[in-house]
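Labels A, B, C, D, E and F are assigned to the chains in the order they are written; within every chain, residues are numbered from 1.
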Amino acid sequence: MLLHLTTWPEVETYLSDSTGIIIPIGSTEQHGPTGLIGTDAICAEAIARGTGEATNALVTPTIKVGMALHHMAFPGSMSLRPSTLINVIKDYITSLARHGFRKFFWINGHGGNIATLKAAFAETYAHLADLNLPNADQVQCQVGNWFMCKSVYKLAKELYGDQEGSHATPSEVAVTQYLYPEAIKQAPLSEDVAKGYPIYGAADFRRHYPDGRMGSNPSLATPEQGKQLYELAVKDLSNSYLEFLNQT
Amino acid sequence: MLLHLTTWPEVETYLSDSTGIIIPIGSTEQHGPTGLIGTDAICAEAIARGTGEATNALVTPTIKVGMALHHMAFPGSMSLRPSTLINVIKDYITSLARHGFRKFFWINGHGGNIATLKAAFAETYAHLADLNLPNADQVQCQVGNWFMCKSVYKLAKELYGDQEGSHATPSEVAVTQYLYPEAIKQAPLSEDVAKGYPIYGAADFRRHYPDGRMGSNPSLATPEQGKQLYELAVKDLSNSYLEFLNQT
Amino acid sequence: MLLHLTTWPEVETYLSDSTGIIIPIGSTEQHGPTGLIGTDAICAEAIARGTGEATNALVTPTIKVGMALHHMAFPGSMSLRPSTLINVIKDYITSLARHGFRKFFWINGHGGNIATLKAAFAETYAHLADLNLPNADQVQCQVGNWFMCKSVYKLAKELYGDQEGSHATPSEVAVTQYLYPEAIKQAPLSEDVAKGYPIYGAADFRRHYPDGRMGSNPSLATPEQGKQLYELAVKDLSNSYLEFLNQT
Amino acid sequence: MLLHLTTWPEVETYLSDSTGIIIPIGSTEQHGPTGLIGTDAICAEAIARGTGEATNALVTPTIKVGMALHHMAFPGSMSLRPSTLINVIKDYITSLARHGFRKFFWINGHGGNIATLKAAFAETYAHLADLNLPNADQVQCQVGNWFMCKSVYKLAKELYGDQEGSHATPSEVAVTQYLYPEAIKQAPLSEDVAKGYPIYGAADFRRHYPDGRMGSNPSLATPEQGKQLYELAVKDLSNSYLEFLNQT
Amino acid sequence: MLLHLTTWPEVETYLSDSTGIIIPIGSTEQHGPTGLIGTDAICAEAIARGTGEATNALVTPTIKVGMALHHMAFPGSMSLRPSTLINVIKDYITSLARHGFRKFFWINGHGGNIATLKAAFAETYAHLADLNLPNADQVQCQVGNWFMCKSVYKLAKELYGDQEGSHATPSEVAVTQYLYPEAIKQAPLSEDVAKGYPIYGAADFRRHYPDGRMGSNPSLATPEQGKQLYELAVKDLSNSYLEFLNQT
Amino acid sequence: MLLHLTTWPEVETYLSDSTGIIIPIGSTEQHGPTGLIGTDAICAEAIARGTGEATNALVTPTIKVGMALHHMAFPGSMSLRPSTLINVIKDYITSLARHGFRKFFWINGHGGNIATLKAAFAETYAHLADLNLPNADQVQCQVGNWFMCKSVYKLAKELYGDQEGSHATPSEVAVTQYLYPEAIKQAPLSEDVAKGYPIYGAADFRRHYPDGRMGSNPSLATPEQGKQLYELAVKDLSNSYLEFLNQT
């Protein structure tokens, strides 16, 4: 159930049954010569919708621009500064907590968001306590990184081995191919792809990863694999969400 | 052309032709007993995509949660604080300006965003000048409010007269019905709808507008009218965008 | 009644009768070759004092430096960033709301302040609700732009027609001439004055409006006209203030 | 010379001769049962104007609301938070430094502003260096507290001895009586006035200083004494300003 | 070599040889009934000094109060908000980067700091690029969590098995016993210790972990084990630091 | 009693007797060719510990990096911006006030911190009142600058006369020699040392104080004098702390 396709009385009814909600968060950043700039947001959004359907959970709109400062040397990349993103996350949770939501399940499509999400949760728990909101201390956030679900990770390794890499991976590209078959891109990909270098600033990143990929071979991706990965992610995250709801 | 469905080399190519880009911004807020919470974001996003297609312009992801603090007494409404939204807008523009974009056309679906957008533009122009970015002084932002397009306004008045109201209007509801026919909602709407009271804080708003509508009768809306309004908006905003690009 | 010329026991007495207060806000920015840099603050302050006298309202000190970043390429212009101005406005309202003031009538002399004022009001209503101040939800802000009062606008059009322009206008210059006849300035004004170009950053503004005027001919101004305009503004805004007080 | 009564070309001319400018800063806060709420701003503004006339220096508008959080338990007091005031001061200096001003002489009427002024100067020097403004390292700020001028202090002690106190003092009240004889207030003042207790939060302040005075007897003030004190302050600060200009 | 025991000319000399520096960061928070509140800072500081000695690296003062908001329901715990800590980290790096330091090795004693450190690094890399500092893009930060060093982790598991737990662990307590034998504390520790519950807000944390321990049995700790763990950490982190310096 | 060497139950016990706490704050900045970069933090920390022992007061960890922006042109200096330091101080006090501490005695080793400390206290008192913390209005902060203790000042003048100067003074250097005899430095010190010039930005400071000293001759310092000065400071500040505790 998408929050955007409901009315406020429907949300009121929903809240009488559940205080859980799913918030997708992605990124808008280069994904190599063939990966879509929206890859992380596209995957998070689709998987969150699937998870919402499977669990009758409400799903908010996706935070599509995340923390991608290290990708900023490639055209089309967009990023919030971590300090901005903390405030966005705080405002999202605070808005929803005022209505009575207490269990926030974040479905994340981008590794670069994880640290800022965690920092923001800590900042927000304290903020809500300051506000003297009733039961503020029951607000809980959990992050579900779809690409780190056990079943997803296992299949990706089976399908792609070392060529999965860590950015612009065939697995995330496959999911976008499944979702947007009309937007499958072709470009020459050198076999000799950089890997293993840590992430610092944007100029440094581009110097070490000149075409944007990190150890990956996205040309291995197919839409069919994307469907498989998508379904595994939805299944895993649905279980995680339900466990999270039941946690006392 | 959606930024999310392009690759970074495609953006690089685009930039050799144009420095213009379209950024949709909406809101996530109550729209009365039958209007979708996503109305403002849905309309802005669809009209921005249409405008992008008509003008070969790149379209970024939509800012779906805007400035809706006055709607916060209704379940499901979400809002950024103006100070947060200013930073989001500043980060969006700064990200894109670094790549060479200079003409930012904001397609807006929510009256409550306008003040903060303008404040953010001023803040950002000064910030970019501080950064010593080349040609920072050529960065320009323009807002196109689809619901204030002349042709849209005229048709809305013809179709709905005074029952257009100013929030949860039949015209915006009609556009969402056209775009999401599967999400058309029914609910009893009292004929006696509040109107004309200014907007202050959230509790005060709900006291004066108890079901969320402001002088509107959204039950007049039909998907067909939505299509008409959508097409007029796309046409008008396409012209505005092209004029904006050509402005020297 | 000027807050600055009262004592705290007098304010206490005032509050037992009224929770209304007038806050003037202007700007410190170039007004063309002959307009005073203080024009917007001078007009707002004088008209606010007149309105306060006519309505027995308390008047706070004037915010004299407002949002004028686009004028910063002309010597003598000063500006707060919008983010700073939001905090100033929030601190003003919060200070006064703690004492029991609830109706804040802002008399504004500068178009460039309007967006930031509105953004700040929204930010502040939410902030006051967070503070759990008693009756925080009764705090209301209204802006009275003296130059947009119907009677003022009408007279300006009669007197100056198209030469009123939109910045460094003869009407605002006339009001300053009435108030400071000793500071009437003379300088050659080319007939060929730029107009119609939108406002972006400071360098761009000066490129398009090289002497600072926007379509105006301030040489038409006389002190007598200034007196007329001043009196119309005071009358209109006094009515607006009293209506605002009576609004329930 | 008041910045508000000049035009931008006049400022341009001024800058070819001098890079010095005077900025008055006061406060809006209770000054006991008979002292004006605007005392600190009124004194700072008048003395700054006098100093500007004596030295041909440009004088900006006065910051009338300063750091007075400890006075907030008395009706009519207004305050910026220190963090807001730092940004205001930073924006003032940055605005003027862009035009070429380098010597900022702050004429201050309120002890509570001093710490925040100093903190703001340090923040601003570093900010200007960050901006790569030409000669940013020549920007200098100096504070002249009129009430701490040697000659003023000496006369106050002669006239009032211990009854000068440290807030709502007869000397500052006398200056306001000289400037606003029409606003001289009368009220019973108990002889037994609190003194010597440090300043912490607002509620604590009022508990210890129930009528707002700190050890002072403002009933000793006369307008004639005010004139003397005013003239001494202007003379002392004029000398200070000129020395500051000449400092290499 | 401790930065605090050097002079500025000595730092100048050091910089002609190396641009590396070690920054210890800990926390000030409850560590169960017997663990020291300073545990995380004490361990980080001592291990950083040892690492500095082993590698001839300069070591800055320790950030002793970190991100420990979830421990705030226990007396004596202190915390920076993540947004504050981001600014502290940014100011530390920026200060040192201005002098020419480029390789920042953070020796961390507290898991709760990791997310905020990463967020701060991203914020700072972008900030330094904005400042146009020469070679700003060569600034690199790496975190060495002493408790996650392979050799440390292995020994802790050997010594304590499952009773190592995840907070107020015997391994960290042992290190403090080695460093401060005079401050070894005794208190009854129930065998039935909570574990496995995620970390949310402070009140929730205390509800689930009533004595502050998370699955640990710190009564197993001895000073001798502490010495072993300390030495392993120094050895591992010295290697990491040298590798980090040599990374191109 | 050092907070870092206590457990949370010990702090709980302490709070049943006292709500006072000592917080040392120093700086990390150049202290001339022979003074230690850690001088101000070293002195504040040691004197705070001594004071804590003499009065049975709890002592928090030291804020070792303070406000030293004006020293940033010398290698090794570190500084927080005042706006960052305000937040650090606010977070320290807020953390401890939540546990019940009410009397905060700051032992300061650096003149450059004083203004920001005062600004931060005002910001924090208001913040705590906003939080509706019980008895928030009883929170009190007092600063004890060890170098301004009467007995210390008197001895320094006796020992060093005019050669005490105002930065990198023999008295503070002597205290560090007493505490760290192994880190006594030698370097040629020209007799002709700059003095009397005010403090502005960092580049300006270094231009006027090329070796970092301000009018001082630290070569006069001996460890024995340091011991004397240390003991006088501890005695004076112990008295101040006890008076502060007893103040009602």
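The rule is short, and it goes like this: a residue touches a chain if its C-beta (ideal position, glycine included) is under 8 Å from a C-beta of that chain, and two chains touch if they have at least 3 such contacts.
Bear in mind the structure is a predicted one, so any value in this text is a computation, not a measurement.
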Fewest hops from chain D to chain F - one hop per pair of touching chains: 1
Same or different contact residues where chain F meets its copy chain E, judged by the half mark: same
Repeated interface matching D-F, over half of the contact pairs identical, chosen among E-F, A-B or B-C: B-C
Approximate Å spacing (C-alpha centroids) for the pair chain B, chain F: 53
Whole-Å gap separating chain C and chain D, where each centre is the average of the chain's CA atoms: 24
Chain A and chain E: spacing of chain centres that average the CA atoms, whole Å: 29
Contacts with two or more other chains, residues of chain B listed in rising order: 72, 81, 83, 132
Chain D partner contacts - residues on chain C that touch it in the complex: 2-12, 15, 28, 30-38, 41-42, 60-62, 64-65, 72, 74-81, 83-84, 87-88, 90-92, 95-96, 98-100, 180, 183, 185, 187, 212
Of chain D, residues touching chain F in the complex: 67, 69-70, 72, 81-83, 86, 112, 114-123, 125-126, 128-129, 136-142, 198, 200-204, 207, 247
